[in-house]
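Naming follows writing order (A, B, C and D), and every chain is counted from residue 1.
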Amino acid sequence: MSTFVEILKAIGLAVLVFTFLAVVGAMFGVYMERKISGWIQARLGPKHVGPQGLLQTIADTVKLLQKEHITPRRADALIFNSAPIIVAVAGLLDWVVIPFGQVGNRFLVVRDINIGVVYFAAMASLTVIGILAGGWASNNKYALLGGLRAASQMISYEIPLALGILWAAMIAGSLSTVSLVEAQRGGWFIFKVPPLGLLAALTFLVAATAEVNRVPFDLPEAESELVAGYFAEYTGMRFALFQLGEYAEMFAFAALFSVLFLGGWDEPSLSRQWAWVWLVLGAGSLALVALIQFRLRHVLLVRPIFILAVMAAGLSLILFFGVMAGRAQVLPSIVWFFVKMFTLVFFLMWMRWTYPRLRLDQLLSLSWKVLLPLGLLNLLITAFIITVAR
Amino acid sequence: MGEFAAFTILSLLILIPAVVVVTSKNIVRSALSLVPTLLGVTGFYVLLQAEFVAGIQVLIYAGAITVLLLFVIMLTEGGAGLQVRQVNEQIPLGVTAAVWLAFLLLLVFSRTTWPVAQRGNPPAYSALAIGNAFMTDYVLVFEVTSLVLLVSLVGAIIIARREE
Amino acid sequence: MQVGLGHYLVISTLLFCLGLYGVLTRRNAVAILMGIELMLNAGNINLVAFNRYVAPATVSGHVFALVVITLAACEAAIGLALVMSAYRSLETIHVDEINVMKW
Amino acid sequence: MPPKVVLDWLYVGVFAVVGIVLAVVPLIVVWLLAPQMRLPQKELTYESGVIPFGQAWAQFNVRYYLFALVFVVFDVEVIYLYPWAVVFRRLGAFAFYEMLVFLLILMVGLAYAWRKGALEWV
């Protein structure tokens, strides 16, 4: 009987996570992306639907729901229709092992699978099949070329990605995401064995960016040469499902990065005599906020920085007063999880307008000739340092 | 009860797509039907509490080997082969061989008593146990595997690039 | 109803025979390789099932299964390299048309 | 009550099923809401407005295969690193040297592929 209860619980959680992804991942993610892109290009971005255009994506979704589904005559209809579902479901499945925080002794995670990170890598690799199937089934030259490019890019970067995951798993001596975060209580892995932790984190970040097909690695979807890549033929809601899967994957990789290297839901903690650091940081950020508010008010370009500075000022001041008041945990752990995840997503969106797109040969040689040897060497040297050379 | 239900569902998930794999006229559909079969086998591994093998099954079979198969299909015949006859004239032979072998094997299985262990629990953390096994008892297997990988990498590169 | 070793053996037998049927009847070399993958999977189910029911406290079956997966990957890589090579020199990947030993 | 491992993956299975259902629901909504008018022009393959010619299902560069090949080999190598990463701290230096040999052999393979230009996109 208890198994039945567990199944009901699983269904409830699945609906919850799917809704969370659709609302926070896709809808808010798209809004954020458009707003940030707008500012960086000195535009305003969505502005008219709702306050500051916040409801723009909802309007877009309603519009997409009314769009006709067109299946090209020469497409393979069955595969064509199931490909977006594969991508969306693979994006959802990633989230089973992402831990959101901790309440008392309970962890806010769907299931703490023993081999969590292997599971994550496996589910992320399923996306490739959906993309390849979608690109082939369209029977469209752009789509097939985009699908093949996407697949060869994603498989090339899966190895450096796995090496980054392995680096963290090796330090923690565990493959479960929860115990990875627990192992970072004393110090985040990005600062472990300096500067090798930072190197591993960078390898992982580059590979993750490529894995979710974002600029500067977005050539599978390069709108200027391949129209839209593998989803060129997809209309309406099926296109939206591809987008949902992609954003779900992007947020999942941002979350995994924070789990592996930034301590997950762990609060950055300083002891009392170091609390002045928070004050300095907070004051600095406040000064930046004031500068932008009074001097650069009309420069759209600095708005993303403005928002970051407001966040940094708020968080550091709260931390300062919390530490001074002697509280062990100043903010709830789930807040920290979201702060880290959104900062990384913000960073990814920022990168989109900073770097030009790589060429296919550059992209592949970056993976195989730089990241892979670097990752392997990093793994070996770190293993050497923590076992033999100690 | 629950276990038997899960087992039945997984069996169907394995066998029905497997039939599609071996009979479909469309080679891409065959390759894509391989995915549910492989995921069903993953489910079996989970029921047998071989968690790490289950993860690797998804990672390697579904994530790598299927992709490789799809690549080769797209690089060779792709959809062009859709009109071509996919089966040879050996269907009677194939059916006979498969049915006969199945019959024989099932007969053998039904007459054998396996030394099923009554006690002993599977290790709770299979990745740890496998790591220990690889580093101690199976260290030779572990090292030779890397040689096998090296040889197959070199061989496949030589074969695939022959004429350039 | 308890699921025992026999259940797994039956399913793996069926899977193996399906794979065998595919290998014997397909013309396309890639489809033949798919049949072989099915057969290897059937073998793997057996390895893990025997491990679970005969020697549950050890992981030898898991180790063998991992090695088989490795070999399956190598086999796919080499086999498909042969397919690519045949396609480039003979313009076909149908095994019944590849009937010359030297070109 | 099933063991933890089975329960963990039961959740995964339920997630997959619910995910498929939730992904199909909007497609059904679209089917109910959206206008449907099939026109031959609409169902043409998109080729930047030009009348499409030929099949897209044509051959592509062998290079794609070479990368997939190297990928499969290294992906398999990585699965041996996962269990090693879990145990090597307990086993100490010995496990490190074992992995060193394993990785060195594979690095020979990488060097070979590099040398032979299998990692080159020309």
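Methods note: contacts are C-beta pairs under 8 Å (C-beta built on N, C-alpha and C of every residue); 3 or more make two chains touch, one makes a residue touch a chain.
This structure is a prediction, so every number in the text was calculated from the model and none was measured.
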item: Most centrally placed chain, judged by C-alpha centres; value: D
item: Chain of greatest Cα-centre distance to chain A; value: C
item: Between chain B and chain D, centroid-to-centroid distance (C-alpha), Å; value: 16
item: Where chain B and chain C are represented by their mean Cα positions, the distance between them in whole Å; value: 6
item: Interchain centroid distance [CA atoms averaged], chain A/chain B, Å; value: 32
item: Shared-contact residues (touching 2 or more other chains) in chain A; value: 3, 113-115, 118-119, 136, 139, 144, 148, 155, 158, 175
item: Multi-partner residues of chain B (at least 2 other chains); value: 2-3, 47, 49, 51-52, 56, 59-60, 63-65, 67-68, 71-72, 74-76, 78-79, 124, 126-127, 130, 134, 145, 149, 152-153, 156-157, 160
item: For chain C, residues contacting two or more additional chains; value: 66, 69-70, 73-74, 76-77, 80-81, 84, 88
item: Pairs of chains in contact (touch as defined earlier), listed by label; value: A-B, A-D, B-C, B-D, C-D
item: Residue ranges of chain C in contact with chain B within the complex; value: 1-11, 13-22, 24-28, 30-31, 33-35, 37-38, 41, 44-45, 48-63, 65-67, 69-74, 76-78, 80-85, 87-89, 93-94, 96
item: Footprint of chain A on chain B - complex, ascending; value: 2, 26, 28-29, 32, 35, 51-52, 55-56, 58-59, 62-64, 66-67, 70-71, 74, 78-79, 124-127
item: Residues of chain D touching chain C in the complex; value: 62, 65, 69, 72-73, 75-76, 79-80
item: Chain D-touching residues of chain B, taken from the complex the two chains share; value: 2-3, 6, 43, 46-47, 49, 51-52, 54, 56, 59-60, 63-65, 67-68, 71-72, 74-76, 78-80, 124, 126-128, 130-132, 134-136, 139, 142-143, 145-147, 149-150, 152-154, 156-157, 160-161
item: Complex contacts: residues of chain A adjacent to chain D; value: 2-3, 6-7, 10-11, 13-15, 17-18, 65-75, 81, 84-85, 88-89, 92-93, 96, 110-115, 118-119, 136, 138-145, 148, 152, 155-156, 158-159, 162-163, 166, 169-170, 173-175, 227, 232-233, 236-238, 240-241, 360-361, 364-365, 368-369, 372-373, 376, 379-380, 383-384, 386-388
